[in-house]
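Please see the structure below; I have some questions.
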Amino acid sequence: MTTDKVILAYSGGLDTSCILKWFLEKKFEVICYMANIGQDEDFEQARQKALKIGASKVVIEDVREEFVTKYVWTAIQAGLIYESRYLLGTSLARPCISVGLIKCAKENQARYISHGATGKGNDQVRFELSCYSLDPDVKIIAPWRLEEFTARFQGRQDLLKYASDNGIPVSVTPKAPWSMDANLMHISYESGILEDPSNEAPSDLFLMTKDPKLAPDNSVRIEVEFQHGLPVSVTVGDEIHRNPLDMFILLNKIGGQHGVGRIDITENRFIGLKSRGVYETPAGYILHIAHTDLEVFSLDKEVYRVKQSLQNRLSDYVYNGFWFSPEGQYVRKCIVLAEEQVTGVVKLEIYKGNVFVLGRSSPVSLYNADLVSMDKHADFSPSDATGFINIHAIRLKEYNHYQNKI
Amino acid sequence: MTTDKVILAYSGGLDTSCILKWFLEKKFEVICYMANIGQDEDFEQARQKALKIGASKVVIEDVREEFVTKYVWTAIQAGLIYESRYLLGTSLARPCISVGLIKCAKENQARYISHGATGKGNDQVRFELSCYSLDPDVKIIAPWRLEEFTARFQGRQDLLKYASDNGIPVSVTPKAPWSMDANLMHISYESGILEDPSNEAPSDLFLMTKDPKLAPDNSVRIEVEFQHGLPVSVTVGDEIHRNPLDMFILLNKIGGQHGVGRIDITENRFIGLKSRGVYETPAGYILHIAHTDLEVFSLDKEVYRVKQSLQNRLSDYVYNGFWFSPEGQYVRKCIVLAEEQVTGVVKLEIYKGNVFVLGRSSPVSLYNADLVSMDKHADFSPSDATGFINIHAIRLKEYNHYQNKI
Amino acid sequence: MTTDKVILAYSGGLDTSCILKWFLEKKFEVICYMANIGQDEDFEQARQKALKIGASKVVIEDVREEFVTKYVWTAIQAGLIYESRYLLGTSLARPCISVGLIKCAKENQARYISHGATGKGNDQVRFELSCYSLDPDVKIIAPWRLEEFTARFQGRQDLLKYASDNGIPVSVTPKAPWSMDANLMHISYESGILEDPSNEAPSDLFLMTKDPKLAPDNSVRIEVEFQHGLPVSVTVGDEIHRNPLDMFILLNKIGGQHGVGRIDITENRFIGLKSRGVYETPAGYILHIAHTDLEVFSLDKEVYRVKQSLQNRLSDYVYNGFWFSPEGQYVRKCIVLAEEQVTGVVKLEIYKGNVFVLGRSSPVSLYNADLVSMDKHADFSPSDATGFINIHAIRLKEYNHYQNKI
Amino acid sequence: MTTDKVILAYSGGLDTSCILKWFLEKKFEVICYMANIGQDEDFEQARQKALKIGASKVVIEDVREEFVTKYVWTAIQAGLIYESRYLLGTSLARPCISVGLIKCAKENQARYISHGATGKGNDQVRFELSCYSLDPDVKIIAPWRLEEFTARFQGRQDLLKYASDNGIPVSVTPKAPWSMDANLMHISYESGILEDPSNEAPSDLFLMTKDPKLAPDNSVRIEVEFQHGLPVSVTVGDEIHRNPLDMFILLNKIGGQHGVGRIDITENRFIGLKSRGVYETPAGYILHIAHTDLEVFSLDKEVYRVKQSLQNRLSDYVYNGFWFSPEGQYVRKCIVLAEEQVTGVVKLEIYKGNVFVLGRSSPVSLYNADLVSMDKHADFSPSDATGFINIHAIRLKEYNHYQNKI
């Protein structure tokens, strides 16, 4: 009898451990795939747990550098922000992990991929659309959407019982009354007590950032340098950091200490539900502020407007799981073209939750101090402005006449 | 001989005082118009100064309530923000003052209106397009764009000399090395030492907000209530405030004490120059944060996207001086329609430069806690998500096939 | 034993007759609903057929006037056009029929609604989203998406056999090698030999319009009058027609005789497939041409641009089945506001497939012949254009300098 | 005494001949520049005329190939269309001619450029913004905007008198009661009797296209092949044409004979006036129809939508004279990226004003006949559509609940 092989996106937690066991019951061979995408996890312990439950293999891959350079950097360069506030930390991780899943499936000749994402969320969509884009022939099994599975596991109690019956070790730490998802870019919190959007997030929820009120009284000053819209160095005092992963970890540390990058929002999920989420994204927030500043400084006014409309589109694509879609790929290429000119340095001060822009400079900005100066005429003839205004007024005067007609 | 009559937008400062005198030289009758739009000004002293110089009349009008209810409230409701960051404080004041100028011109049968705005700035455009929209027959004289005037007054020294020669009193306070413009909504700073975009704004520049580092260690909690997207009450502790002007002044006070609403940006002026501006907008910033939160919470996902595209357009219209344009009027009406549903309360905490959203509630939000809950199925069948994803994947799989073809 | 009641959108054809029988087999009570939406159909014969098969009731409703005034008129007013070419004839009919289905379900206390639309098409989506919008509690049964049904009826032969076995009369006319859907606005053709997008549509396919080559050698001239963007009269020679349904039927007749409104396109279905469709839309095409002409003539330039962006959005909403969605309702309201000003008359000549615009007039247009005249200065000072151009050139000159820097 | 040198965009007509003489009076050295951009003109005669009046040199440049390959082809590839109808024939010619003017100025060390465009039109803007983009240091003299010139030449009579006084030969053909502008792509007609937008264009106005009613009774069939969105061949019967200029001339001939590509519209000029124009664009119209068809056929649905939004922006840029602007250059690059996939053949039939699409094919289209076929399941599971619809319905059902709340 041939056995079907499934690559399971394994987290080490209760859900995916039970799913692993459940696949074994159904005579699948299960290879667990874990991406180290910067979450705080004991990967070796998780490996042992999976092997003990019965995984035929556990693949652990450090994708942090790839995550930073191919996904986070692209998001910063593009200025991605969902519904005016969310920096897309989870959305960016999913396509990155999917690449690992598909690669693992190919290397192990597995036809199936599985994950523990639920049926109401965005992550199922992001995983699956990414996987299908990368390999249209792969088959995905999402147990939390299978009648057979959900009928058997109606709640956490059923999972705990199943774990206990099957010798699956369960963490002794009591589960927090919310769920979370972590990676190098952010931690997101939702569900449980957060489902009431008027409930305040408790202060002990945050793991990545200090409470701004408990942050140091002394601010820190840094400089972030961009080339073509991508961060290339971070300078703190005399130290200059150029390695992307190091830079990002450093900014997470600084931002975390100073309580930077927390938001509490409701958002519209792709499937049409509104949900409430609390996020902390220290490095991402700092870089977003710096990049926005340099971008408006560098880009031509009208190019900026085109780019903004593309950024809004791409933010939706990425949130909805369309990273590898034709439109996702296309718009990213267009944005790279726009960012060619976004090169320079932004000075920032970070203090108790705030990221203040102090100044910026660029070797190629279209900013022209002589031209704008109150004290110089430069190539500017003030009387031209009269014509400019008068011509713009033609249409407005006509409209006034029209309004008097009706 | 008949004398031409001009309404001069008078500030009490050096420039408009010299312009007043210059008009008198040219045999105009000059009526000075001053709008009290919330700036810190001794209006009575300014009146005496103008009369002394030779104005035939000085009209001082308190437009603060009109400014808040017709302009600021509309901007908050619409979520206006220019180039991702600027809350448009000056841009909103110009059409409000223009209404006063045109009214004053009509009441005094004056054919001319004049102002002291410079030829490189946005304000000349905002004033003039607003005035022409309201009265296509008015004639506007902008001395700073007249060869005759600029040849005579090439710099501040020429103005000081002219003032001294003509008995125009000059403030003994030395001029700050930047220019500023203030109203109830904000103070803007530009020019002078700020013209180098890498120069830090000096800490003594800010007049409306305390340095966040010197702000109180205790945060303050407030609740802001909106109806149809408009602020209707602010609650601080046991006190509830419902008068628009009072609410706005109160939020300015709270925001000012806690160092909220400062930004340092470069922006693209309408006429195509890039300029650097520093702004402080305490109440505006608090309301913008609160409104954005409630809006995403309340509005349907797709309606929100349409509204966002309209808001981006309106932000440009307002910045560029097209408040009274056909497109400005039209888009405002559309936004009011969208905002019908934006009703509810947002809880905020204000602390050393930060405005944290703590929670929100609404009697009419589309948020459905049961539907989104991880613990309830409500009207949701998880297997539907499979079909949803598979259908969305069709296009992506086809694209993968295409890519293998080329 | 209680019997479940289903309202079946009945066409009288083979598919829905078999579905009717199939429901009876499954012990449903079936009420057949037929909307007379202008298709060429013998409704009485269809009624007898349904009753003979076993329908408990057949409801036939003439919705033509409602279709024209609430759906077609709205589409003309909004200028709806999908992917640059398709006038949305089928898409507009579906929400109109859905209103009838839901009303019928309410009046007959039926919980279920069913239709014969296939699983790959747009119409299933349009029917169901419309019904769910109007009544979230209704249950929809789409047999062509049920495993049980599709396994049994794998092709047309199975349906013919089932009909024959169950005494369901079958049309003796051989089926055309394509499928079609007709209503007052258009006939659409797809599938069969049209599935190859390089195959030419055969000349005997078209039922609503004459081959332009066989159309009369004499053109016809008409005038279409609009108020607030809605057609209010059509004048042909001395005759003036004001009843919406009559006007539309008349324009269909004229357009049909002169071979107007045929298109052959591929389009992107909502579910992500590309399909090929051939359409004929005589009256709709004539009105679309006339409305577009009057709209650009009447509306302010910038209002027109906002309206165009809303029209593009609404075209997608309508095509995808979101007529009754929040965004559909919202955008329609915005468009009505824009169209307030679109009032006037357009002169057209119709000739062998062409609709030529000959001229237009409006009592309220912003067109100002004096202002634009080469022979008059009107309120226009040519030297203003110099300033206008020079100011616009600032940004371009700066960009030239930048390009020389890099 | 040094003489200033001016490059005059010379047409051979009355206006530019008088301008030439006027410059000579003002002691300028004048070099006349004529671009052969496909207009029907006796260039040699014009050269002799200019030399006789006193031009120091006449430069005649055949830019037809450059015009087709760099401007017209780009417009076809981008799908440019202004305000839903105008194919931008004049707008595309202006930047092409400006390149020649600037090159001529550089080669002859001239600081000045001049043209005969009027102060109310678009062409002045297009010429000057193009020139300033290409050389920020050039000075442009637009006599029709100079007080000195317009005061002297208040109308045609003054020009005729000046010509007669100065021995400038004047055409004996009486001037048509409208003005026209011609190039390889189109002829535009405006002004004079066309200024009343309700006046019909007289039948003898059209020079490039036959009256459709007088066109041949036999249609012609052609095939147009595109690669990456650019036309690469036209096939008529057995003949295949591959040279861009030849292809375009051939299509003009075919389209002209069959009366294709006439429009009568009002449009919004950049400076805010509404004007009425009549255009004939035979080859451009044929190619636009063919390209649109292939584009929707080839491009991914969502990429098409992004591209459409860019095309709308670019159409405005080009109309307004911003061909060489940063945004113009940027958006063109983005569109080229999108068009990579637009490769294939479109079959057309041309008949008495109509261009009918008969079919299309592509080696790389995303069209998948198997997938869309009613007769095959392919990789499609009909039950997935149920989930797709149900998930989309969530939001609509919630909105229904909300509406019942208010």
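As written, the chains take the letters A, B, C and D, and residue 1 is the first residue of each chain.
The rule is short, and it goes like this: contacts are C-beta pairs under 8 Å (C-beta built on N, C-alpha and C of every residue); 3 or more make two chains touch, one makes a residue touch a chain.
All of these numbers come straight from a predicted model, not from anything done at the bench.
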item	value
Chain pair showing more contacts of the two, A-C and C-D	C-D
Identity of the chain that, by mean CA position, is farthest from subunit C	B
Chain centre separation (subunit C, subunit D; CA means) in Å	32
Chain centre separation in whole Å, for subunit C relative to subunit A (CA means)	41
Interface hub residues of subunit A, defined as touching at least two other chains	136, 271-273, 300-302, 305, 322, 325-326, 366, 368, 371, 379-380, 383-386, 388-389, 391-392, 394-395, 397-399, 401
Graph class of chain-chain contacts, one of line, ring, star, complete, other	complete
Contact footprint of subunit A on subunit B as seen in their complex	83-85, 118-120, 124-125, 128-129, 132-136, 142, 144-147, 150, 155, 179, 191-192, 195-201, 212-213, 217, 219, 262-269, 271-276, 292-293, 296-297, 301, 304-305, 308, 312, 316, 322, 324-326, 347, 351-354, 356-361, 365-369, 371-375, 380, 382-386, 388-389, 392-393, 395-397, 399-401
Interfacial residue positions of subunit B with respect to subunit D in the complex	300-302, 341, 363-364, 366, 368, 371, 379-381, 383-392, 394-395, 397-399, 401-402, 405-406
Of subunit D, residues touching subunit A in the complex	136, 271-273, 300, 302-303, 305-306, 309-310, 313, 322, 325-327, 330-331, 333-334, 337-338, 379, 391-392, 394-395, 398
